[in-house]
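Pasting the structures in now, so scroll down.
Both complexes below contain chain A, partnered by chain B and then by chain C.
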Partner chain A sequence: MTSTSFALFRLPSVLVLATALALTACGGPKTKYGDAGSVETVTNQFGSTDLQMLAEQMSQSMLSEAPVISSGNLPIVTVQEVKNKTSEYIDTRAITNRMRATLQKSRKVRFATDQAEMQKQIDEIQRQQSEYYDQNKSTEVGKMVGAGFRVSGEITSIVKEDKNIKDVYYQLFLSMTNIQTGIEEWSDTKEIRKTTEK
Partner chain B sequence: MKPLPGATSLLTWLLVATLSLAGSGCAAFRSYKAEMDKTIALASAGDVDGAIKVLDSNNKSKDKDLLYDMESGELRRLKGDFQGSQVALTSADAKVQAWEEASKLNAARTGGSVGSYLVNDKVRTYEGHDYEKVMVTTLMAMNRMDLGDWDTARVDIKRTHEREAMIQALREDEYLKVTEEARKKGARQSFKELNGYPVQTIDNPEVNALKNGYQNALSHYLAGFVYEALGEPSLAAPGYRTAIELRPGQGMLEDSLGGLDARLAAKDEGYCDVLFVIETGVIPGRASQSFNLPIPVGPQGRWIFISASFPTMPAVAPYNPPSVRIDKDLDVRTAHVLDLDSMARRTLKDDMPGIMLRAFIRLSSRAVAQYQMQEQIAQQQRKGQDTLGMSLGLLALQLGGAVTEQADERGWRTLPAHVTVARARLSRGQHNIDISTGHGRATFDVNLAGPHALVTARLLGGRPFTTPAASPGMPAAPLPAGSKSVAAPGADAVQVSVVNFDYPVAVSTPRRTLP
Partner chain C sequence: MKAVTLVIALLAIALAAGCGTKKGFEKPGFAFGCPVGESKISSMEDLVKAKVAKEGSKSPDVEIEEIRCTTTGDLMKIDVVVHNDESDVERLQYKFRWMDAEGMRAADEESWKPLLLYGNSRQTVTTIAPNAKARDFKFIFMGQE
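Our next item is the complex of A and B:
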């Protein structure tokens, strides 16, 4: 018998053994809690670390560099939509919400109701106008305070790749404009570069 | 009697093959194509309940498999039973998730059973193709929308594009290679801005066909529409953008991205932004083709003919773009966003190396077993012993091989072959919709109530039938009394559902004439 045909004779036994080995290699999933602030590099797509870095850096820049905030005048600001010009599903509201929380904790800025929350605000005011509420204690229509400044911006990305490397560059641009005068009071860009070797 | 060398292998083969057959039950002999041809014929004739009964009768086991859940989900959706469809698709999704987790833990796992190397591929566990997995969550999102629960539809939408991102990452190297080759041949990549949103496309059919073989522009477009309806432009924009990049050169898709900011900024002037999802045809099924294959075995390289089967996919009618006319005078542009026919063919092409490898191992082991039996018979004949038993065993082995050697025909068969989208801004209230395709025509009335609405229409060969998507307590608008769908004689049946989304998002003024 040739070595080839001998190998063919032994094939079923080898297959059974290989399959058994493959199946025994399986292990159950393990779940554990981790540090939400730890660096995440599972993929090179926009992730939690990118969101945290951009929001923190922008908040610090606004607190220290924007004259209307650093002067201690407690400006009222509204946050507009940050335009997502990348090809990834990035929820830019998650970035601005984190910034808003940081800025509010500094007690140097106050926020007016933004466009996304406006309908909920109107709904609540209207609800309080109904006969079920004590009108003496209900919120009055026409007492909302408008913002003096608006924050807007955009996030862009550039993706380059070849067979060895994938490079992703993100840039977040934000600006704060005086709504009355139209003068831009502050702006900044923050960048992230992520390179993955394949 | 002293056994021949290798007789232990023969016994092992017979033992494992018998155990595999016993373990697989009827799976090894089941003709999925025949089962589903009958099911689809009933659904096409308007008897969806009958189709579901046939599906159930072919899947009597208590533990239903992924394919059953998927087919059941689509049939129930066709019937207008969105809740029932959601239950079936949720079950399918749970199975897909379990396998995805298992794949992450052990990428080199067998993905089936040892039986596929000894009996046939039908005994492998059906884990679903990538495009099917994306369609599970896409249809779940559409069910939620049909039920008026667009907030929860967002969850399925998010999971859909996360699954799409995984598929894209898996195929990145392949895309890159084909794109580089196309560039060398003169293909140009173009960058353009649609009202500030950058879009990058390539004018090469091969690259675009490859991408659309794996990725689903419908899912991305639907994501854009749902996120827009929920007032989340930063998530809507990449949905529209990805749909454009997958299916370049379609004005309707480009308008969706270019007009996003304006639509969201505009005041609510009583108009409804309607998305039409038009599903046509039936995805082609795999068919088993059998033939005899000569295999050299033994020290003298003796040729043994073994019955082999491989899956093939029959040709289907080419795509014909449907036309959508509203209130008899407004023609709406359409965009072809999903070609499931191509996706199924691409998947078969990708599966073929694995199918052939398993077939080679299976047929080789069968040829060796056959050769060993022939050798034993020859030896017994030389000794003047009775060979009747062995000869009958050999015959049984040959017949058994011929019977069990069948290609795996499984695949989600009730999916449409093509999906087209159209979009229009219409005043709220009643409108007449007229959809014409190469397969037939459907006219029906819709009652639009909120600022956004989804209208889905399925055209399937046979008699026409309609099912409104109204549910008590849901913000869905039932089809007005007297609404109807029609199809040309011998043409496709139609299933129509209409759902309104009553969400306080401003919409822009309507365009009565669309270029």
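Our next item is the complex of A and C:
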């Protein structure tokens, strides 16, 4: 086979390959990185903007309005469950985790191990009690510090819908209670309304 | 006659004290309670120009009327008054950007927050600094896409 006939023989496969590549480039899904902090309005279900906004506003409210925090006493707080009373799935822990991170960075609050993390904490302390560890450098049992305050709350929603419009209203309620006295030291509600025209 | 003179004298003292206090309230490097550094800020308009930035291509038809700052504990607290003087509803998004005393970022970039302004209405956006290092700020806004 001469070099010319070899080139002619290979030509159709090259064309097929080029066409496939062109089709992939034009018709395939396009992925881009976006701004994680942008306002998201894809649907009116609970979304990233709602989570960010509620967590930020609640953290700001705690920093400015909760006397035990604004006084600079560096209170120790534990975060309890925030009940999801809406009709959709919302990971309320994602809201409180974001709040925790913001408040911790403010250096105005310290957080004690909460119920969700307790088993991991116990497991690690017990692991350090084993024969494999130098007991002089291991964590001692009975040295954990309890929180002085607990944060709990709930998120509720009201959904109204007809053939033209869907209206969703969310309300997040949080409170901080003195564990010793039972006195509620701070509480706040934050609301979001989203309307979709069909 | 004596009483009239006394009243006039008292009024003059009160007026002088009032004028004097306005300047006396401001610490050097601050205007309307907000940190301005070396910038020459002599009016609210100057302060708004110094503290507000528009981003994005879609510019909402709103005016930032006032910015006032105070402190709660060691955290800066800010009020920004946004005015929509048109009859149409305006939808914008905003965030604050925080700097420390050296002009470096004092906190992570905030997420954008949506804001709805009815026609011919004002809304006060309030915020508190994320930490005590945050000594200066910018109010950033743009239209909602």
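By definition in this document, the second predicted complex is superposed on the first by the 172 of 198 C-alpha atoms of A that agree within 3 Å, B and C clash if a C-alpha of one lies under 4 Å from a C-alpha of the other, contacts with A are read in each partner's own complex, and residues count from 1 in each chain.
Quick note on the criterion: a contact is a pair of C-beta atoms (placed from the backbone, for glycine too) under 8 Å apart; a residue touches a chain by one contact, two chains touch by 3 or more.
Because the structure is a prediction, the values reported are computed rather than measured.
**Student:** Thinking of the overlay built on chain A, is A:Thr92 touched by chain B (first), by chain C (second), by both, or by neither?
**Tutor:** A:Thr92 contacts chain B only, not chain C.
**Student:** Under the stated touch criterion, which partner chain does A:Lys163 make contact with: chain B (first), chain C (second), both, or neither?
**Tutor:** first
**Student:** Considering only touches as defined above, state whether A:Arg127 meets chain B (first), chain C (second), both or neither.
**Tutor:** neither
**Student:** Report for A:Gly72: first if it touches chain B alone, second if chain C alone, otherwise both or neither.
**Tutor:** Touch partner of A:Gly72: chain C, not chain B.
**Student:** Please identify the positions on chain A that touch both chain B and chain C, taking each partner from its own complex.
**Tutor:** none
**Student:** In their complex, what parts of chain A are in touch with chain C?
**Tutor:** 35-39, 48-49, 52-53, 56, 60, 63-64, 70-72, 102, 105-107
**Student:** If you look only at chain C, which of its residues touch chain A in the complex?
**Tutor:** 72-75, 77, 93, 95, 107, 109-114, 127-128, 130-132, 144-145
**Student:** For a test of understanding, state which residues of chain A touch chain B in their complex under the given definition.
**Tutor:** 1-2, 5-6, 8-13, 15-16, 19, 22-23, 25-27, 29, 43, 45, 81-93, 116, 119, 154, 156, 161-163, 166, 198
**Student:** Give the list of chain B residues in touch with chain A in this complex.
**Tutor:** Where chain B meets chain A, its residues are 5-6, 9, 12-13, 16, 101-102, 105-106, 108-110, 113-114, 117-118, 158, 161, 165, 169, 172-173, 176-177, 196-198, 200, 223, 231-235, 237-239, 241-242, 245, 261, 297-299, 361, 364-365, 367-368, 372, 504.
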